[in-house]
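Below, each structure is written out as structure tokens.
Look for chain A in each of the two complexes below; its partner is chain B in the first and chain C in the second.
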Partner chain A sequence: MQGQFRHTFSRYMFFLPALIFVLIFMIYPIVYNIIVSFQDLTLMNLKTGGQFIGLDNYTNVLGTATFSVALKNTVIYTVSCIFFQIVIGYLLAVFLNQDFPFRNFFRSIMLLAWMTPLVITGSLFTWLFDVDYGVINYILTSLHIISEPVNWLGQQSTALTAIIITNIWIGIPFNMILILAAMQSLPKDVYEAATVDGSNKLQTFWHITLPLLRPQLLVIIVLGIIYTFKVFDLILIMTGGGPVNATTVLPFYGYQLAFVNFNFGESGVVATVILCILLIIASIYLYMMKKEEVQ
Partner chain B sequence: MLKKSLWSMLGMILFVLAACSGGEDSSQDSENANGEVIIEIWDYLAPDSTSAREQEALIEQYQEENPNVTFNRTYMPFADLKTRLLQGIGAGELPDIVLIDNPDHQSFIEAGVFADITDMVEEWGEIDLYFEGPVASTMMDGNYYGIPNNSNALAIYYNKTMFEEAGIEALPETWDEFYDVAEQLTEGDIRGFAMAGVKSEEGTFQFLPYLWQAGADLDSFNSEAAIEAMRHIQEMVQEGIISSNMINWDQSDVLVQFHTEKAAMMENGPWQIPILEEEFPDLDWGVMLMPAGADGTASILGGENWAITADSEVKEEAWKFIKWTQKPEIMGPMHELGGRLPSRADVANDEQYEWAQDENMKMFMEQLETAQPRAYGTNYPEISNHVQEAIQRAITGEDVESVMQSTAEQITPLLP
Partner chain C sequence: MRQYSLKQYMLLLGAIIITMIFLFPIYWMITTSIKPMSDIFTSPPMIIPGTIQFDAYINNLIKDQSLLPYIRNSFVIALGTSLFTLVLALPSAYAMARFRLPYANAFLLILLVTQMIPGIMMAMPLYVMFSNFGLVNSYTALIVGNTTTALPFAIVIMRPFFLSIPKGLEEAAVIDGCNTFTAFTRIILPLTKPIILTVLTFSFLFAWGDLIFALTLATDENVRPLTMGITRFIGQYGTQWDNLMAVATIAAAPIIIIFLVFQKHIVSGITAGSEK
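Presenting the complex of A and B:
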């Protein structure tokens, strides 16, 4: 019995380094953040530690107009980015799944957008969207789609759209590669059977490709949501959250509270909200995966 | 056998943990028996910039003259310095000397980062030679927590060639004259004027002078004068005199507009002079004072202050160094090297230095006399946020009166 225990114990010891890592670098910051969100921690009492003030931070932050705007922006941003990234990524994957010359070259060059650092992509698109010299305005006015140049990043109605377009451009290749990899693992014989049965392209897509791709698509969507939800760099580079608050998203708002206003307690609230939302999404994913396995 | 592997694993974990905590700061016990001193300095002067050149020269010369002193200088980007100071407070690991942006000085005084050096400053007795605004930014409740090192202010750069071509001879001195001249210079895709309206401190920095010129201040943000100031900017944007793109411009973007000759005038600081001279020698430009509003001309004070941290164990030595950098015979040549303007009158008026000779530098020195500090207490960063929002709302065409009204309601409780 004793030996048995020692045996399993030593096996658990191998587990320890990973456990310590997770505890120090993941669990501790999360717990500390939640504690801070209940404290009145600012620059003034950072040295001594903040007072516990109950739910005051929560009522302050959740009540502000900026928070609801930021939440709304984050949701719009995440949903539209993921939707277009996956749809366009899928179409490109179908295209690159065909056999044609230089296929591999095109597959790898597509990844360039994903590999470029966000700072560069952000600055690049800032210039493309520029109202005075921007290429996008030039093309649109030349084609007579718009009569006056649009100040894409400079007005509240279009700024978020412009950033969404930028992020869609960045995210397409990554989604394309993942979907392409998933498609290549699909069995060929079902498609042959479908052709024999006389199903058309759309039917094949709805009844064969989509159901077969479902598990992989789920992973791609959940990863995408988590990745897109924490957008920060693009916003900072392209608009700084402006004009007014048109492009303020939750992570950016939290950053602003902590490192511009030095209100760490209120920033903790925003971080906790983000954590909760992502936890919910992750649990939905786990639930769906479990159901999938049972089937 | 099993035991052995267990122990070796435990040993390894301990080793890793020990290695993690091995980064203890050696400057904590920085004064050893031989009187050797290590002084740690943090600043945000970017490598290869003129001001970093000055900082390195200062350190080198002081080390030569005082062989027992060694400096550990750490550069960090502008935005990181504040974050690192905050982390330093939390971890109890701060440097001995910080070179800090003057609007941030008071916040960090109140956070308890900086030492009260009133006794040393009074014993030194030279603080009266300094300009009022910069000194005010180092003070809290009548005590000194630092020394202003260099100052800057905003003024108007103008393109002489474009002025000549448009037949403008007299430089505009009031808002109305400025507006007319700028309108005259606006033609096609060339704008009369460029300024920054980006959603960061730079936006506030560029707008506050207009508020003061009109005779208003942050505590009267909804007054007639303040509304007038904001309307002045809004009109210039609506008339196309300033590009509506200013909403995304920081001060370097404004410089780009100016040197590509897409803007005939710009609002900017003296740190752009070396860039314009070195990189765009063909451009013919000059500097003039900011136009006067109802309350005369006014500008905004920027610049860096020296400060000693409260936890430093080598305060005396640090102060000796700072005092040394402020000697006129050191500061004069050093600030020339760094392309910065002095904050003390005797050096500023000394004929032998370029700021007393060069026409453009002289304009900035003159503008500096009307420059006001952003001394609005510790909530200033948040106040500034609201001001940035107000500017952006006005530029995008919202009704100025309601913008100023709602912003005043937000910032009044934050003012000291």
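Presenting the complex of A and C:
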């Protein structure tokens, strides 16, 4: 009996350290965000704890223009980043799936873009988007795509686009590697059969590759949403949310509320909203995966 | 040597061109840092540097040594995070793969959900917690903060690896007189070198690049890492792009070196992380 207990106990000992860490430093903060969103916690009463104030924080935050702008920007940012990352990543994966010398080197070297710390990428692209001496303006004017230099990060109409382009650059290699891995798991004989049947490339893509890749693409899209949704560093470095909130997204708004205004209660509201959105995405994903398995 | 056809060499040429265009920003960062100021502000931009000089590096590493403490802090935080993550993740991923623990699947789901929460949203509660314990402005706070990002990823990629090791190995070890713990340390650990390297590399990279926790959990320059150092230089240098790009290149150098050494582990880590 005691031996049995020791046996079970030693098994749990493997598990316990990580479990305790996750409970204290990961689960508790999530719960804390929700609790604090109903309190008037600021820097002033941080030590003593905030008072329960019902839904006041929610009416304050959700009613502001900044919140709706941030929500809109988050959606535009996430959708356009993921769309272009996956399309370009797919095209690159098709190219790198062919057999040629040193292809493994080319597959991985592009990941440098994804691995570089965002602070560095952010300041690098600020330089590339520079209005007077930036390379991007130079290329676009010499190709006659734009007639005069654009102040990419300095005006409301283009700032978000510039940040989206930066993030697309970062995410392309990541998506390319994942799509490539998915492609390599596809059965080869189906393609041979399609060629024998006289399908052209577009038909093969539409009727064979896409349906076969569907489950993996779903995973990649969900991963993409989650990683893109987190955007913070690029915005802090490149625009600081401006000009006039043109690049404020939800996580950045939450940061401003907590660490610029020190209104922890209101930042808890933003965190709770983000949590709800992510949970909805996760449930849609689980639902689709279940449907996929049934088929 | 394998023989390649002309078409395959054309594909190679295509790959070189695509890679050069794609990685141009990195090239531009490095060349900006070694150009004299007058060559930086030219129109059209000077794609191939005319004169090469290392003034910006001498300025920022030797003449002005204020960058060095940031580099040290980054190493302490990144190494601390990768070791702490490994110590927590290794046994628990093993346990989740091997023992039929009740709730292990629930734990996995919780990890996947917490992985989704933006770091900046974890920073506020952690800030409140650490300021109550007097831990704001400590390496501990930054290492714990970064571990919250690295740990879920580490467990998620390690668990399938342990599942792929045949169970008979430990059973044989137990028959030979090992207990659960020694079976793990003597038999399983030596087999896990590649995945340990993957986890160490990724957690190091996560922590090295972190700005969120550095910005929120440390207000004191003494513990702030290089990413915060860069933001200070952005304020200080404004549009002195040679200095700024030199600092950026210095900060990117460890990443590039680690990448070149551990390429294989990084690619396998990314693909493993996307499997369920």
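We take it that the second predicted complex is superposed on the first by the 273 of 295 C-alpha atoms of A that agree within 3 Å, B and C clash if a C-alpha of one lies under 4 Å from a C-alpha of the other, contacts with A are read in each partner's own complex, and residues count from 1 in each chain.
Assume a contact is a pair of C-beta atoms (placed from the backbone, for glycine too) under 8 Å apart; a residue touches a chain by one contact, two chains touch by 3 or more.
What you see is a predicted model; the values in this text were computed from it and never measured.
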item: Touching partner for A:L275 - first (chain B), second (chain C), both, neither; value: second
item: First, second, both or neither for A:K47, with chain B first and chain C second; value: both
item: First, second, both or neither for A:G154, with chain B first and chain C second; value: first
item: Partner chain in contact with A:Y28 - chain B first, chain C second, else both or neither; value: second
item: First (chain B), second (chain C), both or neither touched by A:K201; value: neither
item: Which superposed partner A:G242 touches (first chain B, second chain C, both, neither); value: first
item: Contact breadth on chain A, by residue count: chain C or chain B; value: C
item: First, second, both or neither for A:V131, with chain B first and chain C second; value: first
item: Touching partner for A:A113 - first (chain B), second (chain C), both, neither; value: second
item: Contacts of A:K291 with chain B and chain C, given as first, second, both or neither; value: neither
item: Shared chain A contacts, counted only where both chain B and chain C touch the same residue; value: 7, 10, 13-14, 17, 46-47, 130, 132, 259
item: Chain B residues touching chain A - in the complex, by the definition given at the top; value: 2, 5-6, 9, 13, 16, 79, 82-83, 86, 89-90, 107-108, 110-112, 189, 198-200, 243-245, 247-248, 262, 378, 381-382, 385, 388-389, 392-393, 395-396
item: Of all residues in chain C, those that touch chain A in their complex; value: 4, 8-9, 11-12, 14-16, 18-19, 22-26, 28-29, 32, 40-45, 87-89, 91-92, 94-96, 99, 101, 104, 107, 110-129, 131-132, 144, 147-148, 151-152, 155, 179-181, 184, 205, 208-212, 215-216, 227, 230-231, 234, 239, 241, 244-245, 248, 251-252, 255-256, 259, 263-264, 266-267, 270-271, 274-276
item: Complex contacts: residues of chain A adjacent to chain B; value: 6-7, 10, 13-14, 16-17, 20, 43-44, 46-47, 126, 130-132, 151, 153-156, 238-245, 256, 259-263
item: List of chain A residues in touch with chain C within their complex; value: 7, 10-15, 17-19, 21-22, 25-30, 32-33, 36, 41, 46-47, 92, 95-96, 98-103, 106-113, 115-121, 123-125, 127-128, 130, 132-133, 135, 138, 142, 169, 172-174, 177-178, 181, 216, 219-220, 223, 226, 229-230, 232-233, 236-237, 251-252, 254-255, 258-259, 264, 267-268, 270-271, 274-275, 278-279, 282
